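Look for chain A in each of the two complexes below; its partner is chain B in the first and chain C in the second.
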Partner chain A sequence: MKWMLGLFLVMAVLVIIPALESAFAAGDEPGEYLDRRVIIWNLFFRMMTVAFTVGAVVSGTIIWLVWRFRESHPKAKPTPYEGTDW
Partner chain B sequence: MGGHSNWPEWIYVGIVIALMTWVGAEAWEAERLVEHVPEDVEIIKVTGQQWFWTFEHEDGTKEIGELHVEAGKAYKFEVMAKDVNHSFNIHDYVVLIDAIPGRVNTVWFAPDAPGVHDIQCREYCGLIHYNMRGTLYVEEPSS
Partner chain C sequence: MVLELQKPRPIWQIMFSTHHTDVGLLYLITSLGFLFLGGALALAIRAELFLPGAQIIADAMTFNRIFTVHGTTLIFLFIIPFASAVGNYYVPIMVRYKDMAYPKLNAIAFWMIPPSGALIWLGFADFTWYATPPYSIISAPGPAADMWIFGLKILGISSVLGAINFVVTILKCKHPDMSIGQVPLLAWSFLSSSLIILVAIPTFAAALLMLLTDRLGVSGFFNPALGGDPIAYAHLFWFTFHPEVYVLVIPAIGMMYEIIPRFSRKPIFSYNSGVFAFVLLSIVGFSSWAHHMYATGMSFTEKTVFMVGTLAAVPASAMHVFNFIATMWNGRIRFSTPMMWAVGGIALFFSAGAGGVVNSAMPLDFTTHDTYWVVGHFHLFVMGTIAFGSIGYLYYMFPYVTGRMYNETMGKIHFILSFVGTVLVFFTQHVLGLYGMPRRIFDYPPIPEWIAMNQIASIGAMVIGVSMAIFLANMIYSSGKGDLADTDDPFGLGGKYYYPFEAKNPSH
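This part shows the complex of A and B:
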């Protein structure tokens, strides 16, 4: 299980901590002039990019699973049910 | 658990946690930027009532159904309602905030170019809700 802790540490350093830092970087100083349209559209664009990427990976995995583990696949092996003698 | 490896599940869990954290942080950051009001902002009081909008500038000037502002300046709307719930929307500038009786909601924006834009109510507020519109005139800077 040690490697798992290591994995989470790496993930934390690479992704989680920088993301949190950018969010906590807010100060009390007055804001700058900005275009709401740009900020909001950029956020929407990034979120949609992530959503479609995740969607593609998840549906690709499901399609592959269904294709690979169908009964008629050349390498298919019957599940070793209990009490049977396959 | 014994006999087979479950590392793909743990990687999957890690990726999901990282993604959710990133999504949350990005949204938080965007909200912080959008809500961060500039120092020299001019306050405009916006009142919604069935079925028109009233605007009051800092100098006391009032407008009904029309709002005149200058390009290149920042404005903060203090939005309230007199009767029922409304929602103040300037679609072209992505300004949208509920107008609730007994409550002041705020939103700010900085128009960047002269032009004419629609203002409309975005919360069904009765029979003539569809026509609870206004016009935003963004004018050339005076100075």
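This part shows the complex of A and C:
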């Protein structure tokens, strides 16, 4: 389970840190110049990169699961729980 | 389980019954009726937006009325009552009790729904499902607006009564031999969502009263002309209705927790993580309401807090998805109709969640706020996840309710068309939002990209409409003339069920 926790932590950092960085970039002092359009689209692309990467992995896993573990697959075999009162 | 349709009874016996499966059946039929009514309005909206200019709807006011009633109907009169139907059928049996804790209260909670539905439909208000102030208090035409307010008020009371019943049934009436850690995840989902309702709904109940007194002119809580603040309404509304999103989605995930292990022929990968994720979602649901209001001039610190609070829902949601994937792994999966809906629901749940992560980042929210991105995002949740989980479960419970099997081929066609249609409509709406199309508009300028994407979305909606017609035909025909089901194991999967046919509770 530890590696899963680590994975969640990495993903959380990947998502939250860039968002916080850009959110705080504006600062509270007047007179600072920020090209908000560039910042917003930069953040968007970074977050979409993360989202699409994770999305591709999860969706790919689901598609593979559906194909591989369907009961009509040549390698399908009964699970250890079949016929028992699990 | 009571086979409702195999042994026909006079309708009044079911209507005046307080037995949990009878009340469940009433919830089920009512919610499906409203699904088709609300869906018809969705088709009207998409037909109107197929091209710029007025198409089939006469004016903007009528358009506003249609999408207001569409949203109100599908959220309050389809999704919530459908979840109540499932809970009524299964929770008492899962906790091994003879009925819901308060059967009469249960029947009363149901019978509040038809009059509130009538108020909403006969009034046909025009101020969106959010009842946007100050428009709703200053110039929204009555009595439609007042009827909507009373309708929602009654629905809120019904939800609270139902929630009290579920909490007491699960916590106090479960069999003494059954610890809370043995309660099935579907029942846990009802416990979590009921607790959210009990905390969240009173706030909106207060807001509705304030809205009504504002409309009557005796107060000015949300009326700027009288020193009130419409943003205060936004806070009260979203304090209830962001958690309400979890009230809607948690039972649907609970339904997937029933379907996926059953059709994978394996126990759930991690029961404890499922429980933990439900509890976590129930808590963090209350830490994110103000992300709906980034654009209203909140302080920077507030916005940051709510951004992080919103992102806190990601780990809990990811735990559910991981749990589903790990359960299917090494299984021997039978892709009957309920399983197809459940797996499709997981895929779309993940997509909707990914969009939500982008949405919750406040700089991005400013570009997507009040655009079709938001429409695509929440519809992907309510249709892609909640409706998919619910419809999958409907197919799953069909043999138990009717004693007959639905037509499997029609069920699969229903799924495939709905999945394709959902992707066409709601993924396209995300892109449409990035192209800048605002939501809640009757007409739009003839920008070629907007026209093309609106047409794709409208075609997708028609595909969903066709699939729902197939669904309706299948349900009606199979209820009366479908093949008799083997009620001990209707899907031929083997293994233990929580609710064998023999477990039916006696009628009162």
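What we mean here is this: the second predicted complex is superposed on the first by the 49 of 86 C-alpha atoms of A that agree within 3 Å, B and C clash if a C-alpha of one lies under 4 Å from a C-alpha of the other, contacts with A are read in each partner's own complex, and residues count from 1 in each chain.
Operating definition for what follows: contacts are C-beta pairs under 8 Å (C-beta built on N, C-alpha and C of every residue); 3 or more make two chains touch, one makes a residue touch a chain.
Since the structure is predicted, the reported quantities are computational estimates derived from the model, not experimental observations.
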| item | value |
| --- | --- |
| Touched partner set for A:79, first chain B, second chain C, both or neither | second |
| Touching partner for A:45 - first (chain B), second (chain C), both, neither | neither |
| Superposed model, chain A: greater residue contact from chain B or chain C | C |
| Which superposed partner A:8 touches (first chain B, second chain C, both, neither) | both |
| Which superposed partner A:70 touches (first chain B, second chain C, both, neither) | second |
| First, second, both or neither for A:62, with chain B first and chain C second | second |
| Where chain A meets both chain C and chain B, residue numbers | 4, 8, 11, 15-16, 19-20, 22-23, 26, 36, 39-40, 43, 47, 54 |
| Partner chain C, residues of chain A touching it in the complex | 4, 8, 11-12, 15-16, 19-20, 22-24, 26, 28, 36, 39-40, 43-44, 47-48, 51, 54-55, 58-59, 61-62, 65-66, 69-71, 76-79, 81-86 |
| Chain B - residues contacting chain A, complex | 7, 10-11, 14, 17-19, 21-30, 32-39, 74, 93-95, 109-110, 112 |
| Interfacial residue positions of chain A with respect to chain B in the complex | 4, 7-8, 11, 15-16, 19-20, 22-23, 26, 30-37, 39-40, 42-43, 46-47, 50, 54 |
| Residue numbers on chain C that touch chain A, as the complex places them | 264-267, 300, 303-304, 307-308, 311, 314-315, 318, 321-322, 325, 328-335, 343, 346-347, 350-351, 354-355, 357-358, 360-364, 366-367, 494-496 |
